[in-house]
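Structure first, commentary second.
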Amino acid sequence: MKLSVRFVGLTALATALVAACAPQTSGTSASDKDEKTGTVRVWLFQEVDNQPKQRVVDAVTAGFEAAHRGTDVTVEYIPVETRAQRVKAAFNDPKSAPDVIEYGNTDTAGYVRDGGLADVTREFNAWSEAKDTDPTARQSVTVDGKVYGAPYFVGVRALYYRTDVFRELGLRAPKSQAELISTAKRIRAAKPGLYGLAVGGAYTYGAMPFIWADGGDLATDKGGAYASAIDSPAARRGIEAYTSLFGDDNCPAAKCAGMGGNDTVTAFASGKAAMAIGGDFSHAAVEAGRVKGKYAVVPLPGVEPGSIAPAFAGGNNIGVLKSTSHRTLAVDLMKRLASKKTQGELFDAMGFLPTFTDVRQQAAVEKPYVKPFVRTLAAGTRFVPASPAWAQIDSSLVLPTMFQEIVSGRKDVAAASADAAKKMDDAFGAAR
Amino acid sequence: MSRLTAPSGAERAEPRRVRVVHGSSRPRGGGRTPDRAPRPSGGWTPWLYLAPALLVLGGLLAYPVYQLGLISFLEYTQAQVSGGEPTRFRGLANYTELFADDQFWQVLLATVGFAAACVVCTLAVGCALAVLLTRVRAVPRLALLLAALGAWATPTITGSTVWLFLFDPDFGPVDRLLGIGDFSWTYGRYSAFLLVLLEVVWCSFPFVMVTVYAGIRAVPAEILEAAALDGASQWRIWRSVLAPVLRPILVIVTVQSVIWDFKVFTQVYVMTGGGGIAGQNLVLNVYAYQKAFASSQYGLGSAIGVVMLLILLAITLGYLRLLRRQGEEL
Amino acid sequence: MSAVRGRTVRRPWRLAAEATALLVAAVVAFPLYWMLLGALKPAGEIESTEPRPWTASPSPASFRRVFEQQEFGRYFVNSLVVAVSVVIASALIAFLAATAVTRFRFRFRTTLLIMFLVAQMVPVEALTIPLFFLMRDLGQLNTLGSLILPHIAFSLPFAIWMLRGFVKAVPESLEEAAYLDGASRARFLWRILLPLVLPGLVATSVFSFISAWNDFLFAKSFIISDTSQSTLPMALLVFYKPDEPDWGGVMAASTVMTVPVLVFFVLVQRRLVSGLGGAVKD
C-alpha cells in the first residue's frame, strides 16, 4: 500500500475538476406565474390547544374553495419553536414552499430582508377592511413603507392567577414587581406542590416586561444602527428580578430553566402553578384546562405600586410568499384569513385579540376577560428592535441562553448579559 | 455461526494453499483464499464495474465535501441563499470568527471528551461481555446475544426517546428505583451527558461484543486446550494466544467506535432538546447544525463541518499508518 | 466447541459467569421491555408517579392513537421505501465495485481502496449543508429521493470494504473453470459470483438498512413542507412535545419503528456475525 504521489495527484485533480462550480443562490425572485387553480398551501402556527383555531380556519378554507373553483387548500400547523428552520428552508426551496404563512411580527424585518415575503402594499391599501387596522398592527407588517402582509391578531401578555389559591392563603393580586415576587414565594412555601409563578428560561417575552419595567431595553437605536443595551444597569436589574424567580422557593431551575412560554401556560392550565404570564391567545388553552373557573387575569405589575409593566406588543401576521405561483389566490386567502369576520371568530374561539380597532372594541364589550389585556395595551407596549438582525438573535437563542446561564449558576448577571450584548452587537453589525 | 479462520499470520506461512470449500458452496465468513495478486489486465472492465460507485461517490460525497469547503470561505447567510444579497468571498473570516469564539472551544473539548468516554465505555463493556460469552453455556449465551442484538437493532431515535422515558423525572422508573425523587437528568451538564453516554453505549456495545466474540471463537480450540494442558495461566493464554489474534479486530472496532461516537447527532439532539440548557450539551455536529439551520449562518456551520472532517481525517490517516506498519495488504 | 472450552472453566466460576450473563441480558433488554410496556399501558398508568414494571390491563389505545392521529402507516411505508431502495442500490453498486478491486489489478487500485476507506470516515452530518443545496438544485427536496441518494453514497464505502472479503473468498479456480466452460464475464458475474457472495451482501445490507431507517437529520432538513413524504423519525417526534410528551404515543410509535429492524436482524443475524468476522479480518 502506497500513499503515493499518485494519490495526492488524483485528489488534486479531482479538486481542480469540481472547482469550477460554486453554490448557487436560489431564485427567490417573484414567480412570474399566477395560476388560478390548483393547490394553495398554508402554514399556520400550532397553538397550545389548536382544535378551535382549526375549526375557524377550516370554515375559511371551505369558503375559499367554494369561491374559487378548482382550488384546494392544504393547511399545515407548524410548531412555533422550530418555525425559523421551517420558514427559512421554505425560502431556500421555492418549490416546496407554502403560498401563505402565518408569521410572528418580530420576524417581519428578517423575512423581508431574506427576500421571502411578497410586497402586497397595493392589495392591502385597496382592501376595504384595512382602514380599521390599528396603527401599531399596521406598523408590524410594514418595512420601509411597504406592506408585507395582513395583521392577524395582537398578542399581549398579562398575569394569570389562581383565585382559589389566593383566597385560601389570604393573598391579593400583586400590585408591584416586588410584591409579585414575594407573593410567588409565599405561595410556594405554603404549597410546595405548586410553582408560585411559572417562569421559563426560554420564555423571552415573559421576561422582557421585567427588563422594561426596570427602565432597561434590549437595544438602543443610534440613528438607524442598533446597539445592544441588555447589559445596561437598568436591564440588569430587570434580569436580576426575573431570574430571582428560578429556584426551589418558586420555580426550581431543574424544571423551569428549559421551559418556554407554552410550557408555563401548560403548567398553569393543568393546575401546577399559582401564577403565570400568559397572553390573550392563551385564554382558550387555560379555559380548556383544569383551572377553568378558578382563575383571573390582571395586568402584570411594574416596579411602582399600581403601575403596569410595559408589555411586549406581540402578534402574528399573515403573509404571502414571494415565490408563490398563485399570487392572486394567495392574496385573497390572506385577506379571508385576516378578515374582520375571521378575526371575530378567532377571538371567540381562541381569545386572539383582533387587530381592527372596531372589532376589538366590540370584543371588549362582549367578553370582560379581555379587559386586563386591553388595559395593558393602553398602558403602552414595547417592541423588539426593528432590525433584520432580530430574527437571527431570536433564532440563535441569545436571550434564552443568557437566562439559562444565570439560573443554572454558570454565570452571574453581569457576565451573562455582557456576553449576550456582544452576540447581539455582532448580529446588528452583520445586518447593517 | 460459522467459524472464523485464524488471520494472516498463520496463513502467510503457507502461501498459495487453496482452501477447499466443504459441502456448501457459500464462502465461509472469513475463509479466504491466500492473498494472491488479482489477475492483471481486464482493460476497461474494472472501470466499468466501478463506474456506478464512482459516479455516486463523486456526486454525492466528493462534490458535497468540496462544496462544504467552499461555503466555509464564503459569507453565506440566508440573505445570500435566497438571493437577497450577493455572495461574498471572505477568506478565512469564518474560521477566525470560529476560533475566537469561546463556545467553539468548549464544544470541541466537550465533543472530544464525550467521544472518548463513549469509546472507552463501549470497548470495555463490549470486550468484557465478549469474554463472558465464551465462558457460559448455550442458554445464557443466547439470552445475552439476543438482548444485545435487540439493543443494536433499535433505531437511534427510538433508543433516545425510550431512554428519556426511563429517566423521566416524573414517570420514569429509574429515579424511583434509585430513590432520588424527581431528579432531572437533563438539567445538569454532566448528568445529561451521562444519560446520553449510557444510551450510546447501550446501542453500540453489541457491535464490539459480537465482533470480538467472533474473533475469540476464531482461535482454534485445540490451541487453547494445548495451552491449558501446558499449564499456562489465563493471563498467559490471553497474552500469547488471544491478544495477537484480536489486535487487528480491536483496532478496527476502536477506530469505528471513535468515528461513530465523534459524530453522535440524534441522541444529543433529541435527548437534550437540541443541545441542552444554555447549549451546555452541544457537540460539534449539533453545534454546526444549529449554526447553519437555526441561525442560518451556513458559512460558519460549514467551517465547523470542515473542522470535524479534518479531525476524522487525521484519525483515519493514523489508522492507515497503523495498518501499514502491521504489513496488511490492501 | 464451547462445550470443550466449558470444561476447562471451574464450576462455581461458570455459574457466576452465567448468572452475570443473564443479569446483563436482562438489563440490556429492559429498555425494550419498558418501551413495549409503555406502549401497552393505559393512559392513567403511564402517567403515574409510581411506575410499575407490569400492567394488569394492556390496551391498544396508544397504538390506535398513533395510527389514527398521524398518517403513521404512510410514514412507515415511506421509511420502508427509503431503506429498501438504499439496500438494493448500494448492494448492487458495491458488489460491482468490490469485484473490480479484488479480481482485477489496474492502475490506481490501491489509491481507490484508500479513498473508499477515507470516504467511510466522512461525517455525514457535516455534509448536511452542501447536500441541502445540492438536493435543492436537483429538485429533490421534499421527496424521498433526497433521503435515498445521500444514503446510498454514505453506505457504499463501508459496503465495498466489507464485500471485498467475500469476493476474495471465492476461489479463483472457480472463475478459471467458468471461463474454461465458456461462460462470459457477465454470466460469471451475475450467475456464479453474485449467488456466492449473497451472504456477504446480506451482512452488508444490515448496515445500509439501519443507516437509512434511522435517518433523522436528513429527514429533518430535507423534507420541509410536504408531510406526506415524512419518514418515521419525524412522525415519532410529533408525539414527543417538550412541554407535555405523550409517552404512550411515543412508546407505541417507537415500537412500530423498532419491530421491522428487529425482525430483519433476527433473520440475518447468523450471516451478520460471520460477515463481520470476514470484514474485520481482511
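Labels for the chains are A, B and C, by order of writing; each one numbers its residues from 1.
Everything that follows uses one rule, which is that contacts are C-beta pairs under 8 Å (C-beta built on N, C-alpha and C of every residue); 3 or more make two chains touch, one makes a residue touch a chain.
Note that the structure is predicted; figures quoted are calculated from it, not measured.
Chain contacts here are complete: no pair of chains fails to touch. Of the two chain pairs considered here, A-B and A-C, the higher C-beta contact count falls to A-B. With centres taken as mean Cα positions, subunit C sits 14 Å from subunit B. Work out the mean CA point of subunit A and of subunit C, and you get 40 Å between them. Of all residues in subunit B, those touching 2 or more other chains are 63, 67, 71, 81, 273, 293, 320, 330, listed in ascending order.
Residue numbers of subunit A whose C-beta contacts span two or more other chains: 1, 3, 23, 26, 89, 92, 258. The residues of subunit C that reach two or more other chains are 110, 113-114, 130, 133, 221, 242, listed in rising order. Every residue of subunit A that touches subunit B in the complex is listed here, in rising order: 1, 3, 14-15, 18-19, 21-23, 25-29, 84-85, 88-89, 91-92, 110, 113-116, 201, 253-255, 257-258, 392, 395-397, 400-401, 404-405, 408, 410, 430. For subunit B in complex with subunit C, the touching residues are 1-5, 7, 18-19, 21, 25-33, 36-42, 45-47, 49-50, 52-53, 56-57, 59-61, 63-65, 67-68, 71, 81, 129, 132-138, 140-141, 143-144, 146-159, 161-163, 165-166, 168, 170-173, 176, 202, 207, 210-211, 213-215, 217-218, 221, 224-225, 228, 248-249, 252-253, 259, 262-263, 265-266, 269-270, 273, 285, 288-289, 292-293, 298, 301-302, 304-306, 308-309, 312-313, 315-316, 320, 330.
Of all the residues in subunit C, the ones that touch subunit B in their complex are 1-6, 8-9, 13-14, 17-18, 20-22, 24-26, 28-29, 31-32, 34-35, 38, 46-51, 53, 92-94, 96-97, 99-106, 109-110, 112-114, 117-131, 133-134, 149-150, 152-154, 156-157, 160, 165-166, 168-173, 185, 195-200, 210, 213-214, 216-217, 221, 232-233, 236-237, 240, 242, 247, 250-251, 253-255, 257-258, 261-262, 264-266, 269-270, 272-278, 280-282.
Only residues 1-4, 6-7, 10, 23-24, 26, 41, 43, 76, 79, 81, 86, 89-90, 92-93, 95-98, 258-260, 262-263, 266, 270 of subunit A touch subunit C when the two sit together in their complex. By the touch criterion given at the top, residues 58, 62-63, 66-67, 70-71, 74, 76-84, 87, 169, 183-184, 186-188, 273, 277-280, 290, 293-296, 320, 323-324, 328-330 of subunit B touch subunit A in their complex.
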